[in-house]
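Going in written order, the chains are labelled A, B, C and D, and every chain counts its residues from 1.
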Amino acid sequence: MMCDFFHSLCADPVNAIGGWFVLLPAAVLLLAAAASVVLRNLIHAALCLTLSFIALGVVYLALGAEFVGFVQLLVYVGAVAMVIVFAILLTRPDELERSRSFFAGFGPAGGAAAALATLAVLLGAIFTSPTGDRPMPPAVAVPVADLGKALMGDYVVALIVIGVLLTAALVGAAVLAMEDEP
Amino acid sequence: MTLQIVLGISAILFSLGLAAVLTRSHAIMLLMGIELMLGAANLNFLAFWRFSPDPAALAGILFAIFSIAVAAAEAAVGLAIIILVYRNLRSVEVDDADQLKG
Amino acid sequence: MNLLERAPIELKAWLLNLLGVFGVPDWALAILSALLIIGTVIAVFLGLFALTSVMERKILARVQNRLGPNRVGPFGLFQPVADGIKMITKEDLVPRGADPIVHFLAPVVMMVPALLVLAILPYGRDMVPVELEAGILYFFAVGAGTEVAVFMAGWGSNNKYSVLGAMRAIAQMISYEIPLVLSAIVAAMIAGSLMPSVIVAAQGGFAFGFVPQWFVFTPWGFTAGLIFYIGALAESNRSPFDLPEGESELVAGHLTEYSGFKYATFFMAEYVGMFAICGLFVTLFLGGWQAPLPFLEIIPSWCWFFGKVCFVAFTMIWVRATLPRLRIDHLLAFAWKFLLPMSFAAFLAAACWHYAGRGALGWGMSLVIVAVPYLALGTSFTRRFAVSKRTYQFSE
Amino acid sequence: MNLPGAGLIQGLAVTARNFVGSYFEKARMTTEQYPEERPKLPENARSFPFLVFDGDDAEAGMRCVACKICEKECPPQCILIVQDRDEAGKALKRPKVFEIDIAVCMSCQICVEVCPFDSIRMDQDYELSSFDRFAPLVLDKAKLLKSNEYYQSIHPTEAAETDARLEADRKKKEAAAAAKAAKAKPAEGAAG
């Protein structure tokens, strides 16, 4: 029993213990995400968000999507999280946050209630859906070469559009954040 | 392990992102909430790919990759806008950017 | 296959067999096997770190015609021990306004990626700790954690120099990561895989029987390798790109408020990270564990790998001894306006090389594609940043 | 046409030449490995003052007569002199206490210049560090007194001059004494 467990864990963590391994990073993910929502200190929130990005990447890896997991880590941890902390530092990080007036009569509680209601609806839909209790098929490794061929073949238009979008975003962000030339 | 559990995780993540957007007033917190929601969406794509009977169909993975790229672009532009707003209004509270109201 | 070549693998198999004979259960052996690899890799790299910390000082000293450390042990080789004792016994200061948790976690977060990236490097023939399909991507994905650590160190210290240093370091790392990844992808593109062992295998063999077919000996490979090397210098915060820690302006950057063992951890992580990226450079462009000449193949492959890593580390020290520190705007302009277009050129040259065949035509085309933008960008760059004639306001 | 990047190569070549040269050219390495190799000090190097004595016995050959000129002239006032007295309380021409606080001394050499008896001179000993700030840095008479031979060894030119002058003085004094004795003799004879 012990032997099987460790062997399968070492050989193939994705399929080990019937895929339940996902729950470990998922727990970290949800805790970190909750912390980043609740924390008042913006930098702490951003760091928790970074942790949740990392955990999300590990969840992807545990689901067998190796490439997406690494891309998630590279893009979110390496770029998005850093851009967020940069933005926090360039604006004033120590300014006290005022309470939200969008739900003027309800305050933050209103927002939380709305989010909870959404959660209830989503969970209800998920757990009543007929396809929901589909069992997990054994993981099949996706060769990176196949992904590349698909990107350059069937999805090449989407790839080019993404390229244009990223270029536009890069130029746009640079122009927006540029100091006005005197 | 069933699809429901992964989708449930993703739903909780989405609601957390939504809660961040609805309860916080700091513009960067809003952006962070949006990133969480996008992550939840990506998780859904990957979950459906993982549990699909045809593992050779790569649409789920590719969609997730595209979505990550779009999220990166969105974060860059969004934060540039926030910095610009801060420069003009000296505030990053979303409620302060109300000059256009009639 | 000679015995020395397989020595590490055979030694591990023998050890595990021995334990198996003594009735250690299988699952424990599986864990032990993994731990053996981890322990060996970490021990080797920490040993390299210790050796470099003294050799760097000796080499820098020799360049300046000094002797360098020679007091502790023979030729000063035990200097790292003395340094270690000093570091450990120093007081661990935490500034009063600092964020204690973030301040404490930063060195840990710094160390983790530096050690994790070591997992995918091919140390020798059949010696890859973890064979990952997307190994190169893994290296950069995990390496991204360093930036988080630098930010945590800078912000957690509650010190303006730390924050400024951290922001500079992150801006520099993000900027240089782009040419770094692009030039790594050039090598991956020609090898047709993101797997380090496949990339090394693609550089095997000798042209004309003696010229090794490493990527660095092609026009595009030389360009991409040089870009990768420069990016590696910047990523590991080494001179001439060490201005996040530029003591003339920022005290010590994000390390200002660190002392004792935490500082030692940062120091160690930086050096291990440097070795990791040297290892990746060797893997991608210098033929990994391949011997440079056919008759030298009797020397075990792992010796070649570590020899090359040490050589690359030596050149990094050499560069440090030579070049002065850049200014921050020059640094970023160099990354975005020179290295980025050049890595695109290398990309294009590699594509031409691939489709024009690997003969004279491919050589010529890729050489032109690389050389023209280099000359154009290089001359415009040297003109723009040329030092103007100095005039002193108060003289004469 | 200057190829871009050529300067980097030139710089690397310079450092490489230095690196390799440091192993082959002895002249490049100027480092003295201090505890094993001692620097040869130039003759006029000076650290702190000391007292010269003639002959073998430090007390007997002491040149100092406790005139206290150096004590008065010393700008940082690091010299302390107490004149010796006999049982009757009569002042003797030698110091009972002679101390120099080298923590205060600034090596200005004024004491040497004002000394009319060529008694105080500058030393070259630089290994004076101690673990205590106070006591070991106050040099007393025993530590200060050093033989004329030692003085000769550290400042040969200066010491030769001094000795020649002292010798000349002594001769002049002897000659004067002899002349006085010669003058006194006839007077004595006349008296007798």
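In the analysis below, contacts are C-beta pairs under 8 Å (C-beta built on N, C-alpha and C of every residue); 3 or more make two chains touch, one makes a residue touch a chain.
All values derive from a computational prediction rather than experimental measurement.
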Interface with more contacting C-beta pairs, comparing A-B to C-D: A-B
Whole-Å separation of chain centres (CA-atom averages), chain A against chain B: 8
Centre distance in Å when chain C and chain D are each reduced to the mean of their C-alpha atoms: 58
Intercentroid distance (Cα basis), chain D paired with chain B, Å: 82
Chain centre separation in whole Å, for chain C relative to chain A (CA means): 29
In chain A, residues with contacts to at least two other chains: 67, 71-72, 79, 86
Junction residues of chain C, two or more chains touched: none
Chain-level touch network, classified as line, ring, star, complete or other: line
Touching pairs among all chains present in the structure: A-B, A-C, C-D
Residue ranges of chain C touching chain D (in the complex, touch as defined): 59, 62-67, 70, 318-319, 321-323, 374-375, 377-379, 381-382
Residues on chain B engaged by chain A in the complex (per definition of touch): 1-9, 11-26, 28-29, 31-33, 35-36, 39, 42-43, 46-47, 49-53, 55-56, 58, 61-62, 64-66, 68-77, 79-84, 86, 92-95
Sites on chain D touched by chain C in the complex: 2-5, 8, 11-12, 14-16, 18-19, 21-23, 28-31, 33
Chain A - residues contacting chain B, complex: 18-20, 22-23, 26, 29-30, 33-34, 36-37, 42, 45-46, 49, 52-53, 56, 59-60, 63-65, 67-68, 71-72, 75-76, 79-80, 83-84, 86-88, 90-92, 95, 97-103, 108, 110-112, 114-116, 118-119, 122-123, 126-127, 129, 131-137, 139-140, 142, 146-147, 150-151, 155, 158, 162, 165-166, 168-170, 172-174, 176-177
Complex contacts: residues of chain C adjacent to chain A: 25-28, 30-31, 34, 99, 102, 132-134, 137-138, 140-145, 147-148, 151-152, 155, 163, 167, 170-171, 174, 177, 192-194
